[in-house]
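Heads up, the next two complexes both have chain A, just with different partners, chain B and then chain C.
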Partner chain A sequence: MNVVNCQKVSKGFQRTNALEDITFQLTDQKITGLIGRNGAGKSTLLKILAGLTKHKSGEVSVFSENPYNNLMVSANSILVDDQMTFPDSLTLEEILGSAPDFYKRWDAQLASRLFQYFMLDFKQQHSKLSKGSKATFNMIFGLSTRCELTMFDEPTNGMDEAARTDFYRALLKDYIAHPRSILISSHHLTEIEHLLEDILLIHQGKVVLHQSLDEVKEYVVAIQGPIIDVERWTEGQEIFHSKNVDGQRLYVVVKNNSKLERARLEGAVIQTLPASEVCMYMTSETKGGIDDVFK
Partner chain B sequence: MIINTDSTKPIYVQIAEWLENEIIAECFMADEKVYSQYQLAELFNINPATAAKGLTILVEEMTLYKKRGLGMFVAPEAKMMILEKRRNETLTKMVTDIVLEAKRLSVTKEELIQLIHKCEEEI
Partner chain C sequence: MFLSNSSLMSVVLSQVRFKLNAYSGLVYSLIILQLIGLLFSTGWSSSGTSINNISINLNTSSIDSGFIFVSLLAISVGNLITTRAYRYDDFSFVATRLSSNIANSIVLLVFSCYVGITTYFSVYLMRIFFTFYSNNVFVEGPTILDDPMNSLLTVLAMIIFLWMFSSIGYIAGTLFQLHKLLFFGVIVIIVMLMMTGTWIRISETIFVENSSLLILTSKIIGITLLIFATSTAISNCLGVRT
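Up next, the complex of A and B:
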């Protein structure tokens, strides 16, 4: 079953297009990483899926319904981000206490255990929390809802190193015990890579890749060698990145293909890249790089 | 073992290799049950689907066999098969490297074969 189905979804803000013709489906009970550079449209997409903003055109369905202004979708999905607000008239303890009224699968035991582990103060107000503690509380809230569709938008912003590691471990353990669809955005792919099954890579409001992590890793390769040879080996192929190493050698990132087998036999140094680098090269604006700025 | 997510080697391959190492070291004996995808996920802090992919490789190579509803078990010949496979793979790779290096140094095929003969005599 598809939990999320987006067909040609667009959303614009005044002069810019945040999302353009986004089409993808999320199947049941997978952890998907939503990856993209700053301003790629990650948060906008998550807000549309959570029903917090309305899309301009196209079709969005979550659990086969339009998420906007939809109680069924709100009760079964949650978006955890740094803009989450809770009433200031309630203490953190009271917020956790009132959650099961709305979230039917709320796990109070998990919530209170995590709460104690991270040493938060039950009597605090949400708006008085430090940046890191707020992120931690929001994460605890999000995990404990056990929502069928759980979305995290840059959940670890503000958390210290130890809290991040603990959060990802908690997420994985709870997912193993209670599988559900999780969509998690980050611009630090390396940090969440081990958790992911699929990657949804967006760039300038469009879907660039939606594949399993391993397929993404094998999507491109880097070749290094003498300029003439590298140009011959990669002739007619789509080049994602090209860098002159030292005037004589060229470092080129191209789509993985069978023609490269011959180059390998001719002595080319061919490497696969970590997923984070693949995503970086596939979303870079120019063929050059930061070095060109200093020319 | 710690999984290296930064490595160019996919995580599921690292999982399969780890299981192979455990079988070679006889931590898992023939016909013994190995970890499930969920135990592996928990152990290595990785997605269960990735762990499952690692197990699938070994099932396809017949190092492991499935018992419906019970889990994955070590094939009786598993250790031998892994040793055999590693011998073939490592040796082939080393020979490829030697041939490439010979080419770079303009050493002819005949000279290379002579070298091998000489080496064999000396050992």
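Up next, the complex of A and C:
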């Protein structure tokens, strides 16, 4: 069953188009990575799915219903981001204490064990927490709700290295124990790669890729060889990235295709790339790199 | 996939419980305001007469000024809970704009009850104060035992008036959240309307021409519910965490 179904969803702010014709489906019980560069529209998309903002056109359904102002969707989904707020008049302990009232499947034991592990102060106020501790608390809150659709928007912003690693481990363990749909946005794909089954890559408000991690890794390849040869091998193909290696050799990233077999026989060095680099090249604006700026 | 189903009623109740717990700090500002109100009540109106070198001064004091203070509090609290921080808090838990607005209006009603009752009984505090710390002799004042029905009706009317004031603060806050210019535009229109004869006629029918306090109270309840419904409709376009 589809948990999320988006058909040609658009959302614009005053001058910019945050999302344009977004179409994708998320199936049940998968961890999907929402990847994109700064300003790609990741947060906007998540807010629409959580029912916090309204989309302009197209059709969004979460659990087969429009998420905006929908009680059922709100009860079964949660968006954890750094803008989550809690009343200052309550301590963290009281906040966790009032959660079971709202979330029927709240796991109080998990919450308190994670709370103790990350050494948060029960008597502290939410707004007084440091950036990293706030992110940790929000993460604990999000995981403990056990919502059927759990969304994290840059959950590890502000967390230190150890906390990040622990968070990903906790997420994976809890997911294995209680499978549900998790959508996690990040611009550090390398960090979350080992968690993900699917990747949803968006760029400038459009879906670029929505495939399994393995398919993404094989989507593009890098070819290296003498300039003339590489230009011949990649003729007529879309070049995602090209770099002059030492004045004589060229390093080019192109879409994986059958023609490259011949190039391999002719001595081309062809290598697959890690998923993070695939995503980076597919969303880069210019064919050159940052080095070209300084030429 | 297991989806939990929450009814609107149960979510509203959870929200009310949560809000009453979270906003309990507002009680302190209420107590301070009531004390200030009591201080102002000592500036009473007096009438005097003098017969054969004996002068009698009759001083009347009431909780009116106290009521004015808590009414201002009601408006500001109504306004306060529409601000961004309070609105966003709701959406960290299960909420829709409808449930959140219903919960807010119930919470404001509960606060109005609390404020109405304490303000009504603050008159007894005032009497104790006069008895012990004033040169004047306390003569008489209506007590709840003299006319229980009417006293209760007075408390009820106070509560409902406070609820209406809070709803005015609430709708003003909601409009302000929607668009600042729109808010000022609406204020200007309302002020202009108030100066017209029709408006005066309407307000006379609502507030003045009432055969009993009960009729006035029910009219005010109607107005308040209308204001909250309008606020709910307006807040449906408000985004969260934007």
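Here are a few things to note about the model shown:
Here is the rule we use: the second predicted complex is superposed on the first by the 295 of 295 C-alpha atoms of A that agree within 3 Å, B and C clash if a C-alpha of one lies under 4 Å from a C-alpha of the other, contacts with A are read in each partner's own complex, and residues count from 1 in each chain.
We take it that contacts are C-beta pairs under 8 Å (C-beta built on N, C-alpha and C of every residue); 3 or more make two chains touch, one makes a residue touch a chain.
Remember, it's a predicted structure, so these values are computed and weren't measured experimentally.
Under the clash rule set out above, the superposition-derived model of chain A with chain B and chain C shows the two partners fitting side by side. In the superposed model, the vertex angle chain B-chain A-chain C (Cα centres) comes to 150 degrees (nearest 10). Legend: residue contacts after superposition of the two complexes on their common chain; A:T272 is shown touching chain B, with no touch to chain C. By the touch criterion defined above, A:T136 reaches neither chain B nor chain C. Contact with chain C, but none with chain B, is seen for A:R105 once the two complexes are overlaid on the shared chain. When the two complexes are superposed, the chain touching more residues of chain A, out of chain B and chain C, is C.
Touch criterion met: A:M84 reaches chain C, while chain B stays clear of it. Of the two partner chains placed around the shared chain by superposition, chain C is the only one that A:S74 touches, whereas chain B remains out of contact.
Look at A:E197: by the touch rule set out above, it reaches chain B but stays clear of chain C.
After overlaying the two complexes on the shared chain, residue contacts for A:K173 are found with chain B alone; chain C is out of touch. Per the superposed model, the minimal spacing between any CA atom of chain B and any CA atom of chain C is 18 Å. The intersection of chain A residues touching chain B with those touching chain C, taken from the two complexes, is empty.
Of all residues in chain B, those touching chain A in their complex are 3, 5-8, 10-12, 38, 41-42, 44-50, 53, 100, 103-104.
Those residues of chain A that touch chain B in the complex are listed here as 30-31, 168-169, 172-173, 175-176, 190, 193-197, 213-214, 217-218, 267, 271-274. Every residue of chain A that touches chain C in the complex is listed here, in rising order: 1, 3, 28-29, 47, 51-54, 63, 69-72, 74-76, 81, 83-87, 89-90, 94, 98-99, 101-105, 141, 148. Interface of chain C with chain A (complex): residues 1-8, 11, 14, 17-18, 21-25, 85-86, 88-89, 91-99, 236-237, 239-242.
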